[in-house]
Amino acid sequence: MIRVELLRRDNPSRALRLLSPLIGLSLALITGAIMFSLMGKNPAAALYVYFIEPLTEAWSVHELLIKAAPLILMGAGLSICYLSNNWNIGAEGQFIMGALAGSIFPVLFTDFQNPMVLPLMFIFAVAGGALWAGIPALLKARFNTNEILVSLMLVYVAERILDYLVRGPWRNPGGMNFPESVRFHSYARVPEIMPWDGRANLGIVIAILVAIALWFMLSRTLKGFEVKVIGASPRAGRFAGFSSKGMIFFSFLVAGGCAGLAGIIEVAGASAQLRPIISPGYGFTAIIVAFLGRLNPLGAIAAGLILALTYLGGEAAQISLQISDKASRVFQGTLLLYILACDTLIHYRIRFSRKPAAKGIEQAAASSEQQPPAAERAV
Amino acid sequence: MKRRHISAIVRLTHNNAEMFQIPERASSCLDIRQPEKSFKKTSELANPACTADGETTYSFLSNWSKNRRTMQTANPDDLLTLRGLTKSFGSFKANDGVDLSIRPGEIHALLGENGAGKSTFVKMLYGALQPDAGEIFWRGKKVEIPNPAYARELGIGMVFQHFSLFEALTVAENIAVALPPKTSFKKLSTDLETVSREYGLPLKAGSHVYDLSVGQRQRIEIVRCLLQQPDLIIMDEPTSVLTPQEVEELFAVLRKLSSEGKAILYISHKLEEVRVLCERATILRHGKVVGACIPKDETASSIARMMVGSDIHQIRHEPNAAHHGEPLLSVRNLSLPARDTFGTPLREVSLDLYPGQIAGIAGIAGNGQTELFDVISGETLAPSAEDVMLFGQPVGKLGISKRRAIGAVFISEERLGQATVATMPLSENVFLTRHSVNPDLKAGPLLRRGTAKALLDKITTELDVRKSAADPAAQALSGGNLQKFIVGREVLEDPKVIIVNQPTWGVDAGSAARIRQTLIDLAANGAAILVISQDLDELFEIADTMAAIAEGNLSKFESVAKTNRNAIGLKMSGIFAAEGTHP
Amino acid sequence: MELTLAILLTIITAATPLLLAATGELVVERSGVLNLGVEGMMIMGAVGGFVMAYLTGNPLLGIAFAVLLGMAMALLFGFLVLTFATNQYATGLALTILGLGLAALIGEGFVGRAGIRPPNLYIPGISDIPFIGPLLFGRDVLFYISITLVAGVMWFLFRTRQGLTLRAIGDNHHSAHALGIKVIRYRYLAVLFGGACAGLAGAHLSLVYTPQWSENMTAGRGWIALALVVFASWRPLRVLAGAYLFGAVSIGQLHAQAIGIAIPSQALSALPYVATIIVLVIISQNRRLTMINTPASLGKSFVPDR
């Protein structure tokens, strides 16, 4: 029986810190190829359609950027949450609430048409997303309520609020009873960057700027240091004079604001109206983006582009190869699992040993003294 | 090669002659000249990184024992014989050819300072770790101990230093977990109460561990061990959680056990205890056996020299109980409810800290020390601002950063996970406590990493921090070096109020001496220092005045000259209500 | 009487999958492992159970296959979290994401097909007793399994030595390890048990509750099961009570929708989720209770030094 043993590294490996997402990605691609051949498709062709073809044409690169924008925004925001050990998994709900809050102007005040509309929509969207994220933050800070479950439950609630609004009060009166809002007027649209070339809009620029700003905050400022300290060890954070409760709010509000902004960019960009479903699971995919980017907002930019590609490639593969678009969700899931496994390599050396099973897998020293608490291991 | 060995022998004789039975050593000298192989082994053993003469001595010794081993088998009268036990973690040799034998009914001390490899050794003996090399003989038969259950089956019991208890379970459940599954639970509950009474270690089967004191918890460990009817009991630093009086009681139990024929392997770094209790001692340093002795025939300092390998730096300290000027820190009648189920409330605690003086607070862990430290540091806020006065200012409602800015520094108990973030490099750990104090560390909201690195260099030189890389993660440092870094970080700017919790817990003797001397020198320069410690020896060494804390009550401070271990010990067990500290 | 019976029957039906999944997760968490992938394991059970029953015509085979798939997912989780010491939160999320995607892919060709419901138990005489008969003695096999599981888990945790060991591991894995207890092995078994239970819960959804397959048919029930464990403060009987309480809430809102109460249907269908939040808040207020009952090593990785 071959056993896997983990040996702690004194200093986390720098090389693997950079390599681990790449290793994870390669393993996921190999798994994807196996999955495609099991489905009776030529794996090489399938991988080409998935990951290369969308990059060969201008219009589809534009589509890629449209899909990448919300993923980057939310992935960068969630990185702050996860780094500080706050488990916000409800970005999907915050995305919806941001979209709703931002849509108040084009939907309810259709006559209010001037250049002020879009900035106002952005502000409202950020506030809407942040407020929705503020609920689990408040409950965690005030009552110590589990933020994972609360933030997730609020996704279901947000979905129902959206559903109610587009089927009820916000439905387009002239829309043949379809469950959708009025189309946004031109002042309420996110401008396209190169309208002659494709649909990509300013959203991607905003997303990248926000990610850079968050990266700067994390790596250069005291606030960023605070995020990392509290995440690695809450007690060290307290000893440093940082407030854990303050950090709960900070991280949730930042991530919620980012998600809200992503929401309005999505509806005021490509789709230009509200429908019962406005996100193909961006809020959950953003969790993968955050981890693939190694919880670094700059990494989230690259990771967001890669995961946007899986959406786009999924659509393309469905059309040209009749591969179900569900396959890309499987790919996303395996990708995250591989990344997590590879992250272990940063902090541990792996040793494979072939000892008789009788000696037991885990008969070794109790490690109480020198082992730092589990919370201190970077996620 | 030969010359090196001879010089080693000479040094050995010169330094530690009294520790060894001369004839044996003499014969071994002859032995090692014989086979060419043994020379080679020696050179492998000699750690190239440490070429100090002292090190050569150890290599020689382990080689010496190896040669002896090939010529003998285990003594059939011995209960346990260990030959050449070796264990490495990566490149680090935690145990290197350790030999030891224990006779039935003997109390045998395994001495060594923190980091000498005692814990690793014990874990191999208890089956919790597997040796890379070496042999174990139990009652003359060669055995392998693949797991603790097998060790217990053989008759080896263990009392852990950091208890292996389960807080959420009852006493009986805690014991049942470690016994063979067939034992009836009901019988066990009655048995444990009988045994615990018999040995004067009263316990109730149904109590939950989280309700029990540290001393009671140790009783569970001991009773659990006794119920397994062992022939050998391993005790890992059992007295570190006991008052001097409790230590006496424990020794009585151990002597009773010994008289019943049970052997005890007593692991400690406290020399006086070993001299009082143990018949033989084996001394471990850097993972190697560096000597054996009859403790009664030695002085504490002669054993200490063996443990440490050189003369320990003598602390220079003139106790000074007279105070001058106003107190720099005062706590006034401070009461604080327990933070949570497992916490201790503070009850009307008062203290004053004067410039130029070290005040010590003794106490067994879990009696409110952490709570007191936290409320003085500002990690927890006091009920009212006047409860804590710093430089005459009420600071009870200020957070820890503000109190640091006013001029106090705090050295906390947990090195990893409180005083430092384990995975962060040291330079980033400099920011941890200094970000709000040292203006050079920040430019607006931005961090100045260059300044932090420069500070790290300064700390490294001033306190002689030994590290493997320029800026390693905190977890990569040994306990002693990390503690020197932590102390250095706090005292760099010559603070006037210093609060320390367990300054040298788990730290090697050299680092401990350095840290203690640093504190003494700071006090001499006018700092007011509060040292909270479990280690009475340490407090008597450095404190000017002393008090004890028990269940959240703090006794009055007394001049060190006017008190003694027994008096403090009584106070540690809570017997000081009559003195009138609390009206 | 008829209406009461109908309502009670639907409550039992709604509560059973929650009870199954939560009982499994309770054992997992008692061992100190937090598996946030219940939703993913559950939906794999749902699709596996449905497809196997559909293809073979045998619902019992469907249930068995659901258990198998649930355990396979759990094994994957265990391998990462226990052998590779990955972060338990993130790994659980990944398992859910993977499960939802994989189930959607597997079930794609089966959407809208009619499922095969396992027969209800029928004991002549006893099942005919009015009210009590159909309520308690005429149910599907998974109902009986769920009740047996609760009793079995209670017995195991509090009456057996292995159960004691499992609780000890959940309380302090370092201590357990020092005593020579095989921490990782116990945890693997607990995680696998949790997977089997989640698989059963999924099978109940796609074979009993609504005998058909639709994407995302678990609709957050895996997460509610996780909340139930917290709500029950890790006690099996309280899980039972909680599951039936939640069953009642979700059935209550369905009946309210059917009657046509003048509240938007979306508000009613959001009720179970809002109720979960409220319950979590109420429970978390009692810190002493939470502190004493929460397995102390919950969610923490364990890597023995060598």
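Here the chain labels run A, B and C in written order, and each chain numbers its own residues starting at 1.
The criterion applied here is as follows: a contact is a pair of C-beta atoms (placed from the backbone, for glycine too) under 8 Å apart; a residue touches a chain by one contact, two chains touch by 3 or more.
According to UniProt, the chain labels map to these proteins: A, C = ABC transporter permease.
For clarity, every value in this text was computed on a predicted model and none was experimentally measured.
Averaging C-alpha coordinates per chain and comparing to chain C (ABC transporter permease), the farthest chain turns out to be B.
A comparison of the B-C and A-C interfaces places the larger number of contacting C-beta pairs at A-C. Averaged Cα coordinates give chain B a centre that lies 46 Å from the centre of chain C (ABC transporter permease).
Rounded to whole angstrom units, the spacing between the C-alpha centres of chain A (ABC transporter permease) and chain C (ABC transporter permease) is 27.
The set of chain B residues that touch two or more partner chains comprises 127-129, 147-148, 160, 164.
Shared contact sites, meaning residues of chain A (ABC transporter permease) that touch two or more other chains, fall at 7, 360, 363-366, 368, 370, 373, 377. Looking at chain C (ABC transporter permease), residues 174-175, 177-178, 180, 287, 305-306 sit in touch with two or more other chains.
Per the touch definition, chain C (ABC transporter permease) reaches chain B in the complex via residues 161-162, 164-165, 167-168, 171-172, 174-181, 287-288, 291-293, 295-296, 305-306. Partner chain C (ABC transporter permease) is touched in their complex by these residues of chain B: 89, 127-129, 147-149, 151-152, 160, 163-169, 173-174, 176-178, 181, 210, 340-342. Chain B meets chain A (ABC transporter permease) in the complex at residues 90, 119-120, 123, 127-130, 146-148, 160, 162, 164, 377-379, 399-402, 404, 410, 412, 414, 416-424, 428, 431-433, 435-436, 442, 445-447, 468-469, 472-473, 475-476, 506. If you check the complex, the residues on chain A (ABC transporter permease) that touch chain B are 7, 10-12, 220-223, 225, 228-229, 232-233, 235-236, 238-241, 347, 358-360, 363-366, 368-370, 372-373, 376-378.
Of all the residues in chain A (ABC transporter permease), the ones that touch chain C (ABC transporter permease) in their complex are 4-8, 82, 87, 89, 139, 143-146, 148-150, 152-154, 156-157, 160-161, 163-164, 168, 284, 287-288, 291, 324, 326-334, 336-337, 340-341, 343-344, 348, 360-368, 370-371, 373-375, 377, 379.
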